[in-house]
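Structure provided below as structure tokens; questions to follow.
In order of appearance the chains are A, B, C, D, E and F, and numbering begins at 1 in each one.
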Amino acid sequence: MTTPAAPTLRADGRRPDELREVRFTRGWLDSAEGSVLVEFGGTRVLCAASFTEGVPRWRKGSGEGWVTAEYAMLPRATSTRSDRESVRGRIGGRTHEISRLIGRSLRAVVDVKALGENTVVLDCDVLQADGGTRTAAITGAYVALADAVAWAKRTGVVPAGRTVLRDSVAAVSVGIVDGTPVLDLPYVEDVRAETDMNVVVTGSGAFVEVQGTAEQTPFDRAELDRLLDLAVQGTDRLARLQSEALADGAP
Amino acid sequence: MTTPAAPTLRADGRRPDELREVRFTRGWLDSAEGSVLVEFGGTRVLCAASFTEGVPRWRKGSGEGWVTAEYAMLPRATSTRSDRESVRGRIGGRTHEISRLIGRSLRAVVDVKALGENTVVLDCDVLQADGGTRTAAITGAYVALADAVAWAKRTGVVPAGRTVLRDSVAAVSVGIVDGTPVLDLPYVEDVRAETDMNVVVTGSGAFVEVQGTAEQTPFDRAELDRLLDLAVQGTDRLARLQSEALADGAP
Amino acid sequence: MTTPAAPTLRADGRRPDELREVRFTRGWLDSAEGSVLVEFGGTRVLCAASFTEGVPRWRKGSGEGWVTAEYAMLPRATSTRSDRESVRGRIGGRTHEISRLIGRSLRAVVDVKALGENTVVLDCDVLQADGGTRTAAITGAYVALADAVAWAKRTGVVPAGRTVLRDSVAAVSVGIVDGTPVLDLPYVEDVRAETDMNVVVTGSGAFVEVQGTAEQTPFDRAELDRLLDLAVQGTDRLARLQSEALADGAP
Amino acid sequence: MTTPAAPTLRADGRRPDELREVRFTRGWLDSAEGSVLVEFGGTRVLCAASFTEGVPRWRKGSGEGWVTAEYAMLPRATSTRSDRESVRGRIGGRTHEISRLIGRSLRAVVDVKALGENTVVLDCDVLQADGGTRTAAITGAYVALADAVAWAKRTGVVPAGRTVLRDSVAAVSVGIVDGTPVLDLPYVEDVRAETDMNVVVTGSGAFVEVQGTAEQTPFDRAELDRLLDLAVQGTDRLARLQSEALADGAP
Amino acid sequence: MTTPAAPTLRADGRRPDELREVRFTRGWLDSAEGSVLVEFGGTRVLCAASFTEGVPRWRKGSGEGWVTAEYAMLPRATSTRSDRESVRGRIGGRTHEISRLIGRSLRAVVDVKALGENTVVLDCDVLQADGGTRTAAITGAYVALADAVAWAKRTGVVPAGRTVLRDSVAAVSVGIVDGTPVLDLPYVEDVRAETDMNVVVTGSGAFVEVQGTAEQTPFDRAELDRLLDLAVQGTDRLARLQSEALADGAP
Amino acid sequence: MTTPAAPTLRADGRRPDELREVRFTRGWLDSAEGSVLVEFGGTRVLCAASFTEGVPRWRKGSGEGWVTAEYAMLPRATSTRSDRESVRGRIGGRTHEISRLIGRSLRAVVDVKALGENTVVLDCDVLQADGGTRTAAITGAYVALADAVAWAKRTGVVPAGRTVLRDSVAAVSVGIVDGTPVLDLPYVEDVRAETDMNVVVTGSGAFVEVQGTAEQTPFDRAELDRLLDLAVQGTDRLARLQSEALADGAP
């Protein structure tokens, strides 16, 4: 992340391998067991972790907990207003898809046995969208989840000694814009990208999810490899930022 | 509002006729034509005004504009999580009712002729709820609307000389708690109130909406009068705060 | 109601403070525990009270009963046909709002402890609409409710000695039309009213609900006071008519 | 219908081939182009005919009109309350099926060319149900349709000389109860019937629809023939009653 | 079916009283308890019988089983594509009506006592539609049901000695095309038919359901009789084909 | 694909890098512009391509065509029956996600300019599911699309000389089962896989979509590389099979 002589290529002055400014504001909500306002540049997502005792019916008696997520966007999060999904009476495909992705990503680092028969629901509401909302949501949701788990241990709902979170998890977008692989795309780059990839990686560097899409131009193995390198660089940095944010103790 | 010797009656240390701390953060969203994060104590509502040219089909050719509102609450705005209305597939009665109230309240001060065939949609999303979400929404939405109208004049969509807003509008809750009429109820008072009233008043002191409800004990005319007095005191103060917030020019 | 020399002001020949002809036809349905066809002039609402043992899940074990209401309008109740809400697949905001209002109004006079763990659902279906459908619905629903409670006592579901209804309840609309406050507005006045208010009052004269709206012109305190006076005059008269209607014993 | 010595077989004292008391109250609604409250004993259906100029998009330019129907039941039309379809958010299969049947039955006697590009919607709302609601609805809807067509001719929307209705149409239920074929079944017979048949017949005696169902015991050709004989006897009588009801001129 | 010198009247070369080629492919699905791909000429319906232990809540403890059906059509089963009902979010009236018809038809030959508290759901999905989809569905569903019942006896879920199916059941369409009664109408005849009738008949020749509709021209008793004769001829032949198809033992 | 001495590892006798038997039955539907029943072992998907002139409103006047897809599963495609999405009234997240994936995959090889303002909808209905339904759907849908494009050229809707399809596209699943990377997973392997990946590749070997998920154990870069190698081997083989299937000319 220190390629000295690289020409400044991007509209916002960043180097290709540079993240936007990332901020975590923990404890944004007074009553949620965990809550974080996460910002990736202009993208702002409010992640609330609701911890409840008990699990859905199909999981009862298993001794295992459950972690799930719901993603949504406020109507004016985007530059032009979209209709509310509650008004339309149905959730769109994109919303469903991202909610499922966030849930899977978090479950990959949760020891459901250690969690016990408890449920954590992560609500990720995009207040302002400037690209990378799903990756910001995953990255912020992990921090909210960590706070909710800490809350559960403090209050004794989960025995203090247990390791519920086996690892941390973060996500970032990468893409090829005008032939150059770039990290953490804002909206203006996102719409021009030939290839778009979202990568979810654990704190220890293992892949949880790799989703690469080439609606415009199919990509080759070399490009795929370069994008994966860039992504891992980004999630490494995000893992450090998450760790720093959580270092302060209870919010 | 300076009754020196009054016994401090309320849990949060306020006098019966005192508002919670009210804050308006204008320009909270980068791209909305008007946006305000309004706070009444712990209640936080993000109000976004979306200004678009054109009107709904049934109003075309009338030469008049349209102002409408949608109210919603994030699932974890409250102390326990509620299901999303988008997931349930239908909007609840309370949501509908409040959305309609906000729209009517704003239209009461808008000169739709002066607005011309343009539409402003006010999205009021409750990020955190601690009582009085509808009154905070109306009060904040007016500020967002004022910014959107100013934007329309700056950009020439509406001729600069026109007076689109005939007056300002604000709202506050009042109620009788343990026999005492109180102003601007937080959640803990709201649930204990025998009578609950929401009052919407213009900057010049005229009523736009009066909604008083007594699910527990019907109230008499004297109580009604005292509540109305208290409410008008509150909305006067809110009108001044709105005016100060808007004094800074464009956000 | 005895202003002798007042000029006849209204299209249908009524004085400003005069109700339309009000009729209650009890026992309109053969099998409902209580049922009333209520008419306020051309407005006709069929109110059916369904009494069932047991309460909704969230109220079980409380020892308290539950009273709720559903309001709806037949498609051709109005002068032009409206789409059915069942066909559109969702209930509109106005329908929800009125259903909730009717329920709250009735609960204000019900002693839920005395009712015991029983539920009464009031279905108020507007067969013909000529203004004031919600106030007619509340006024008629009270009579149907009284019949259902009497049925429950006759059949022993509720012990005969208990006072389930602490008071009666009735509702009326008032409004300012061409500068004059008028009582019980038919449709032609309703659409021209500058201010529109619905007031729900108990038999003993206490307010249950006050809903005043000024979409066109905000109103001042003096107008509000005059409207309240007029409304109370109307609900007093309605309370007497309810009482007379119920004097006949079982329908 | 004059079998003198026949043993009185039915619970309500009717002979097997006797209709219940049938009543048509025309002009039940003030503003509908045609409206009839039809009663077959305790079954009461409000039939409203809404005449509008123009046809659905798929029929535009054809020179032909359209006639359609919607059937529904109030929640307390039956002896125990049913949920509203508007609240459930979807129309049940039975409702759909009957709406379609009524529409088809009426279209069978309408000359859509003579109707011109106009639409008539028949709303058939069951206020009280005691068996045979769909047959009462068809029989009443025809009368409401006739009134709406007369209205259209009076007002000149349809040229006065045209014959829009080629014939009348009526419907009746027949069934086998305890081995005996009976006409026009009330609810208590309906639930015990081994075979249930609804027959729609024109004034001139031709079949429009024959729907026979044997959920319990399949039936043979002889039984089918006897049921058809009985049905035609009933619809003949209904056609005469319709004709008498319409003889009075405009309602 | 042996009218030697009859003029070949129909577009596909069939005599008026001739069925299209009928084929049953049993065991089309690997895991369903019973499954048949039934073909009536170009009409192809996949019928799957799902046998599960237990009954719906309202039938629990009755000792009786339950048989129900769901009919649906793939979007491109027809010559032009239709929207999916899942995408539209609601099931159309026609779909509901046919699902209910199939369920009733099968229940007419099932001894629910002998079935015990078990449920069989018949899914009839039209893969290609060329007229007569509902009659093919009933005819095929019976074969799938027979296989599911045989499976239940083989596996001991239902005691081997019991007679669950009291009879077989099949269905066919008949209609009057250009004045001639014809059997088993393909799409091209169906759209031109003056009268359309679907008849469901047991293997022993009793009627389960008779549904005759005359949207264009009402029909008289003589026509009705000829259509019924033709239909019974068709269902007799179908009953034999069902029996031959089932003669092979387990699929 | 001919590693002679490899130990036979899989339940169905396949080598790790071996596809199941793949079959394309073109022209399965009589009237669709393109249709294929594709089978990957026990997985059977009916792919129907509906070609219509014109494009959705938002694309009008662009000179470009549109290709989209809808995926669905019959209720008894799986070993236990699932509820229909049409009956539930909403489409699940998984269905949405796969429909979108199929659409994107096909658009990646379509020259929408060459297609002109025409639309092709690909309906992929899973008749029987044994793992890999989405990859079979993509692979089959390409063949149906190719047939629909050929139809459009034959009939002159698209000028014969244009190259609408720039390449072919196929998809396959790969996963790690018991530590071994395997190709084209049937259901029994799918549920046991630690990592599951779906890869969509063009005929010339470029990636269109890479979706790797590790709900159980995050995977490292080396595993990812091995899975990608295996996938490309599989899609190469599928591209050849598609090409052979299409070699026969019109179905």
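Simple rule for what comes next: a contact is a pair of C-beta atoms (placed from the backbone, for glycine too) under 8 Å apart; a residue touches a chain by one contact, two chains touch by 3 or more.
Keep in mind that what you see is a predicted model, and the values were worked out from it rather than measured.
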Subunit D and subunit B - chains in contact with each: C
Interchain centroid distance [CA atoms averaged], subunit C/subunit E, Å: 52
Averaged-CA centre spacing for the pair subunit B and subunit A, given as whole angstrom: 33
Overlap residues in subunit F, where contacts from two or more other chains coincide: 89-91
Graph class of chain-chain contacts, one of line, ring, star, complete, other: ring
Interfacial residue positions of subunit F with respect to subunit E in the complex: 29-32, 35, 42, 46, 48, 50, 52, 70, 72, 74-81, 84-87, 89-91, 95, 121, 123, 125, 127-128, 130
Subunit E-touching residues of subunit D, taken from the complex the two chains share: 90-94, 96-97, 99-100, 104, 107-108, 167, 197, 201-202, 205-216, 218-221, 224, 228
